[in-house]
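In what follows, subunit A forms one complex with subunit B and a second complex with subunit C.
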Partner chain A sequence: MINRRHFLTTVAIGTASAAALAACGNGGSSSGQTGSAEKPVTINYTWWGNDDRAERTRKAIALFESKNPDIKVNGNFTDFAGYWQKRATEAAGGGLPDVMQWDLSYLRDYGQRNQLLDLGTVKIDTSAFEKSLLPSGQIKGKTYGIPTSTNAFAVYYDPAKLASLGIAEPTGKWTWSEFQSFLKEVGDKGNGTLFGSTDFTGVWWQFNIWLRQKNIQAFTSAGKLGFSKDDLKTWWNLNSKLRGTQALVPEDRVTQLKPKSPFGSNVSAAEVTWDNFMAGYLADSGAKQLKLVPVPSDDPNNLGLFLKPSMLMVASAKTKFKDAAARFIDFMVNDPEVGQIFKTSRGVPASKTQRDGTTFDGADKLVVDYEKSIEQYLKDAPEPPIVGFGTLEASFGRIASDLNYGKLTVDGAVDAWFKEAEDLIKQNA
Partner chain B sequence: MTTTATPVQPAPGATAPAHNPKSESTTAKRAKSTIFHAAALLLTCVVLYPALWMIASAFKPNSEIGGQNTSLWSSNFSFDNFATAMDGIGGVSTLQFFTNSLILAIGAVVGTILSASVSAYAFARIKFPGRSVFFGMMIATLLLPFHVVIIPQYIIFQQLGLVDTYVPLLIGKFLAGDAFFVFLMVQFMRNLPAELDEAARIDGAGHVRIFTSIMLPLMKPALISTSIFSFIWSWNDFLGPLLYLNTPDKYPLPLALRLFVDQTQSSDYGAMIAMSVLALLPVLIFFLIFQRYIVEGVSTQGLKG
Partner chain C sequence: MTQSPTLSRRQGHSGTALPRKSRQRGADARAGYTFLLPWLLGFIALTVGPMISSLYLSFTNYNLFEPPKWIGFDNYATLFQDERFLQSVGVTLSYVVFGTPLKLAAALAVAMLLNSKRRGQGFYRSAFYAPSLIGASVSIAIVWKAMFGDSGPVDQGLSFFGINIGGWVGNPSMTMPMMILLTVWQFGAPMVIFLAGLKQIPGELYEAASMDGAGPVRKFFNITWPMLSPVIFFNLLMETIHAFQIFASAYIISNGDGGPAGSTLFYTLYLYLRGFSDFRMGYASAMAWLLVIVVGIITLIFFRTSKSWVHYSGDAK
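So, the complex of A and B:
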C-alpha cells in the first residue's frame, strides 16, 4: 500500500503542516458553547473503519442523541490510511473535527503541537478505568486521549493443528527457550507444510515486552532510546539458531502470502501479536478455534505485559463545544449500552462500567478472558510512543526481514536500525 | 531432434531451394509473423493477468483470495461479493457512490473542455502583451508538484466555507486549472493552418465566431483525448475527494473502495475486488466508445479535406 507517491504525500503534508502549525499558536476560548433541546449544537465526530464499524457507530450516535437532545452528532468516516492524510491537512487548515477516534502512534505528534484538547480540563469520568492504562493517553501530565478499549500482547495458537501433530497445548507458563523448543517441535513434525511461527524477534512490540521483562524502558521520557545496541543484539541473536529451520516460516513465504499473515493462511501453528487480531485470524484461516496464552518470560513474575489502548477518543483543541465533546466522549467510553453495540470490535472495553455491561460470547469471550487472566501481571502502560514511531516500527520489521533473508548479519542489522532510529529522533527533536 | 540434425537431401529432380526465392520468403515471412504474434500474445497475457486475476477473484469467497491460494478459479464460484458490494457502506448505497463519481467526472470533463479550449485559443491565436510570459507561467505550473499546493488550497477553501462541497474539486477544471490540457490544445491549434482564420476574418468573423465555427470542429480529436483523460483522472482521483469531502454520502467510488479493507479489523477483499470490477466498467465503456476518435485524430493529424 505504501508507494512512492503516498510517501511523498505524507512527507509534503507533514512538512507543510509543521510550517503552518508554527503560525497557529494558542488561541482557544475558555468557555464552550452549549445547546438546548430546541436549539441543539452540532458536533462533528470522525472515525476510521469499515462498514461494520460505521453501522455500529451509527447506532451508538443515535442512542447518544436520544439521551442528549441538546447535542447532534454529525458522523464521518474514512479508511485508516486516508484518515491520517486528511487529519494532517485539516490540522494545518485549522479545521480538525470536534471529536475524533485516535490511534496511539499519532497522539504525541498532535498533542505536542497543541492540536488536541487537554481532556483533564473537561468533565470525563475515568474512575472505572484501570489505573495502569491511563498514562498511555497522557503526555507531560496532560490527558489528550481517553482509551475506548484495550488490547494485550499474546501468543496465538491453533489447537487443532497442534493436535494433528500430536503436540501438547502450551500452558503459557514458559521461558524463552521453552517457547523456542515448542516452535522447533512444530517445525520438525510439520515437516515443511506447517511451521512454528514467523520470526518473533522481528516484532517490535515483542522486543518491547522483552525489554520490560528486563526492566528496561524502550524510550526514555525525554524521547531518546532507552536500550543499547547490545540489548538489540542479544534480542536478534536469540533466534539465530532457529533462522533457516522449519521452526520459523521462511521469509520468502511470508512475502508471498501478503497481505495475509502466515498464521491466517494456515502456514504456521503459532503467532505472537495483539489479542484484537482474533477476529481477523479466524476469518482468514477458517479455523474453528484459536487460543491465546501469555508471552514467554525468563522471570515468571514479570511478563512485561501491559494493556495498550487499541484506540482513543480525543477532541480538537479548537472545538467550540468543549462541554458537548466531553459528554460525547464520556458516553462513548463509559456507557454500557455502547459496549453492547460495539462488543469487542474496538478492542476489549477499557472502562469497567462498560465492560461489565457487555455480554461477550464466542471469540470475544476468549479475548476478554485472556485479558482477565493476565491481570496480575499487568504493569503501567508506556507513555505514548515518540513522534515518528510508526516509521521506526516499520523499519524494525523490514530490517529483521532482511536478517531472515540473510542480507544482513545481526551486527549489521543492529547498526542499520540504530542509525535510522537516531536520525529520526534527531530530526524530530 | 534427430530429424533437424540430419541434412536435408534434395529430392531427385527437385529444384534447389535457392531457385525458388518467392516461396522461401513467404515461409520466412509467415514464420516471422507467427513469432511476432506469439510474442505479442504472450506479452498481452502478462499485461492482462492482473485484470484477469481481479475478475476471477471477484467471484471467490474472501477466504480464498490471496494467502496460500494460488489457483485462479475457485470451485466456490458465487456472486456473493457483488451482492455485498452493492449493499453499500454505512447506510450509503453503492449507487450513490457511482452517482457521485459520475457527477464529478462529467463535471470535470465539461469544465476542462470549456475552459481549456478557450484558453488555448487565446494562447495560440490572439496576440496580446505578455502572451509568452503567461504561457511560460502556465507551463511552469506543470512543474509544481501537486503536494506543495495541498495545504494552501485547503486553507483557502476552508475559509471560504467550501469544504464538503464539490466546488473545490471542480472549480479548477472550469478555470483551466489543468495546464496539461491547455498545453495539449495549444499545440494542436498551432498545427492548424492560420489561413483558415484569416479567410474567416476577411469574411467578417470575430474571435467568437472563429473559435466556435472554425476551431472547435477542427479540434475534435484533441477535445476527445482531453475528455478521456480528464474523465479517467477524475474517476480515479482519491486524494482530492478524501481531503475535501466529509460526509460519506458525498464520497465517490475510490473512497468507498478503501472502506472494505480495514487493517484494524477483518478485511473484505472479496467485496473490494467486486466493487473494483464494477468501478472499472464505466471507464472501460467510456474508453471503448471514444477510443476510435483518438486513432482518427492521430491519422488525420487534425486536418480534413
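So, the complex of A and C:
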C-alpha cells in the first residue's frame, strides 16, 4: 500500500528536479600558438549550408591541410537558423570556434560587442578585392570580416517548367505588375501542381531593394529605421491580390517543405533571391537548367540592386591561433583552387586572384554573367546593418508568413513588425 | 569516536553487538555522503548556481556579450505587453490542459489492460513502454513530422476515409492536436507507475465487490480510483510539470521558430528564442523564473485540492 510520507518525499524530489533550470557551456582548449608538421595545431571552423556546400568545404579543408601540414582544420556545419543560436550559446560561454563563415546581418551584433578578431591585426591579403566591397566587413574602421564572394538579388526561373506550361521566358525588363502577371499566369496554368513563387514581399532584402528603387534608405546612419509604416504597408499590400491564389505557393506548403525551398522542391517555377543559391537549387531540384534575370522595377534606370558580400570569413576574438586562423581565411578567400572547388556556390569570388583562377561554365557561368549584366545598375554595397538586424530580418519573414496564413491583416502585420523593430532598436541603443 | 555513557551502559546489557553496529552506522553514513558527493557537487554547480545567477540576470538587460546592467522589474513588466509572450502562454496552457489528462487517461487504460493475467504480458508491457523510451529523442520528432506532413502516412490514411486535411505540420490549427497526440503516445512512464499502483490493490476488495454484485464500472469508481488516487495524483502532478516544459519536439517540428503562425510557440521555445536568437538573456531569465513560480503555484494548488480526493492508507478518513 502507499504510505504518505514516503510518497510525499518522492513527489518533492521529483518536483524540485523538474523545476530545475540548468545551463552549461563548454570551452575548447588546447595549448601552443603555432604548430609544426609533427605537432600541428587544430583550429575549429564552422559554416552553415547544405550537403553540397559541406562536400565542397571538406575538399577545401583537405587542400588547405595538405598545403599547411602544421595546421589541422576541424570542420562543423548546421543550417542557417540553428547556426546563429549555436553561435550565441558559444559566445556566452566564451567558446566561439576559431574561424567562422559569417553573414552581414550578424556582423554588428558580434563585431561591435568585441566577439570578433580585428583582422587588421593579422596577415590577410586583401589587395585583390574591390575597394568598394571591403567596407561591408568593417565597423568603425576595424575589419571584422573578409568577404568570400559577392551575390546580388535576382529572379530565378526554371525554363523547362515554363516551356511545359507554354509560357515565354521572361527578359528581366519588367515592372512589378508585369512580374505579378507572370506569376499569375504560371499559377493559373500550373493549376495547383506548379505555383508562381513564394510571396516575395516576405523577404527583407527584396523590400530593401524596392526601397532603394524609391531612393529610400532602409536604415539611417544613426541606426534608426529610414522608412515609414506607410512604406511597409504599400509593400505588403503589393501582393494582397495574389495571396491565396495559385500565383503564390500556399503558406502551409512553404512551412512543410522547410528547410528546403519550394523552388528547390519543384513546387514553384520562379523565386526571387540571391544569385549564389544556384548550386543549391540545382542540387535540390535536379533541374537541368535554371536561369536568372534582374528583379522588377518601375524605374528601368534604377533597379536598386547592389553587390553584397554573400558571406564573410571571421575569426573569434578569443582564438589562441590567430596566425593559423589568418592563414586559413587568406586561403579560403584568395586561393584559386578554392575558387575551383566552390565555383559560385558561395557567390562570385570576391578576390580577383581567386576569380581569375576559376573557370566558370554551365550554371556557374550564368551566375557570373548575371552579375556582369547588372553591373551598370549596381549601387554601393550596404554597410553592415544595425545591431540586432538578424532578429529583425527573421521577424520580417515570420510576420509576412502570418500574413499569408491570414492570421494578420496588412495593417496588423505592419504594426507588429514596427513594434518589434522599435523595441529592438531601443534595447540596443 | 568517543562512546557516550548511555551507550556503554547499553553495551552491558546487550553484549558487544551494539558498538560495532554504531561504528558501522558512522562508516555507513560517511560512505553514504561520499557516494552522494558527486551528485551534490553537480547539484550545486549545475543546478543551484545557474538558478541563482538566472534569478539575478532576470533583473538585468544581459545580452550574452556585455556585462549585465540592473534594470529592476522591467523585464517582468514588459512581459505582459509582449504579444508573442501572451501567445506562448496560450499555446502552452492549451497543451497542458488538453494533453495531460488525455495522456493520463491513455496510461491508466493501458495499465488496466496490462494488469490482467494473460500470457505474454511481459512482452506487451515492454512494447507499450517502448515509445516513452525513445519518445523524448530528436528522431521521434522528425518521424512525427514526416508522418503528419503533406502526403505522409497520416494524411494518406485519412484521405482513404475521405477526410482531407492535408499535411498537419503546415496547418496552424492542426499542429496542436499533433503535438498532443505525440505526448499521449508517450504514456509509458505514467503507465508503469499506474501498473505498480494497480498491483498493490488487494484482490480481496474486488472479490468482495463481486460477491456483492458490483459491475466493472462500479468496481473502477469505488475501488480502483480511490485506492489508486495517490498514484493518480503523483502522475497528474509530474505530467503537468512535464507538459509545461515541452521543448525539443516543438523545436524540431517547427524548425525552431514556433511556427506555423506561432501555433507551436511553446513557452520554453519562446524563452529559448528570446535568449539565444534575440540575445535577450535577461528577458529569457525573467520568463524562466515566471515559469518556476507559476508551476510552483499550480503544484501548491494540486496539493491543497488533493486532500478532498486522494486517499492514503492509514489515514483516518
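Note that the second predicted complex is superposed on the first by the 272 of 429 C-alpha atoms of A that agree within 3 Å, B and C clash if a C-alpha of one lies under 4 Å from a C-alpha of the other, contacts with A are read in each partner's own complex, and residues count from 1 in each chain.
Definition applied: a contact is a pair of C-beta atoms (placed from the backbone, for glycine too) under 8 Å apart; a residue touches a chain by one contact, two chains touch by 3 or more.
Everything numeric here is computed off the predicted structure, so don't read it as measured data.
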item	value
First, second, both or neither for A:E251, with subunit B first and subunit C second	second
Partner chain in contact with A:A37 - subunit B first, subunit C second, else both or neither	neither
Touching partner for A:A394 - first (subunit B), second (subunit C), both, neither	second
Subunit B versus subunit C as contact partner of A:A222, first or second or both or neither	neither
Touched partner set for A:A168, first subunit B, second subunit C, both or neither	neither
Touching partner for A:R113 - first (subunit B), second (subunit C), both, neither	second
Touching partner for A:G95 - first (subunit B), second (subunit C), both, neither	first
Which of subunit B and subunit C A:P259 touches, first, second, both or neither	both
Which superposed partner A:V267 touches (first subunit B, second subunit C, both, neither)	first
Overlap of subunit C and subunit B interfaces on subunit A (superposed complexes)	11, 20, 81-82, 85, 89, 92, 258-259
Contact footprint of subunit C on subunit A as seen in their complex	1-4, 7, 10-11, 14-15, 18-24, 81-82, 84-85, 88-89, 91-92, 109-110, 113-115, 251-256, 258-259, 388, 390-391, 394, 398, 401-402, 405, 407, 416, 419, 424, 427-428
List of subunit C residues in touch with subunit A within their complex	46-47, 50-51, 54, 61, 63-66, 83, 149-150, 166-167, 169-172, 197, 200, 230-231, 234, 237-238, 241-242, 245, 255-257, 259-262, 272, 275-281, 288, 292, 295-296, 299, 312-315
Subunit A - residues contacting subunit B, complex	8-9, 11-13, 16-17, 20, 44, 46, 48-55, 58, 74, 76-82, 85-86, 89-90, 92-95, 97, 257-260, 264-267, 276, 279-280, 283-286, 310-311, 345
In the complex with subunit A, residue positions of subunit B that touch it	62-63, 66-68, 87, 89-91, 145, 147-148, 150-151, 154-155, 158, 163, 238-239, 242-243, 246-248, 255, 258-269
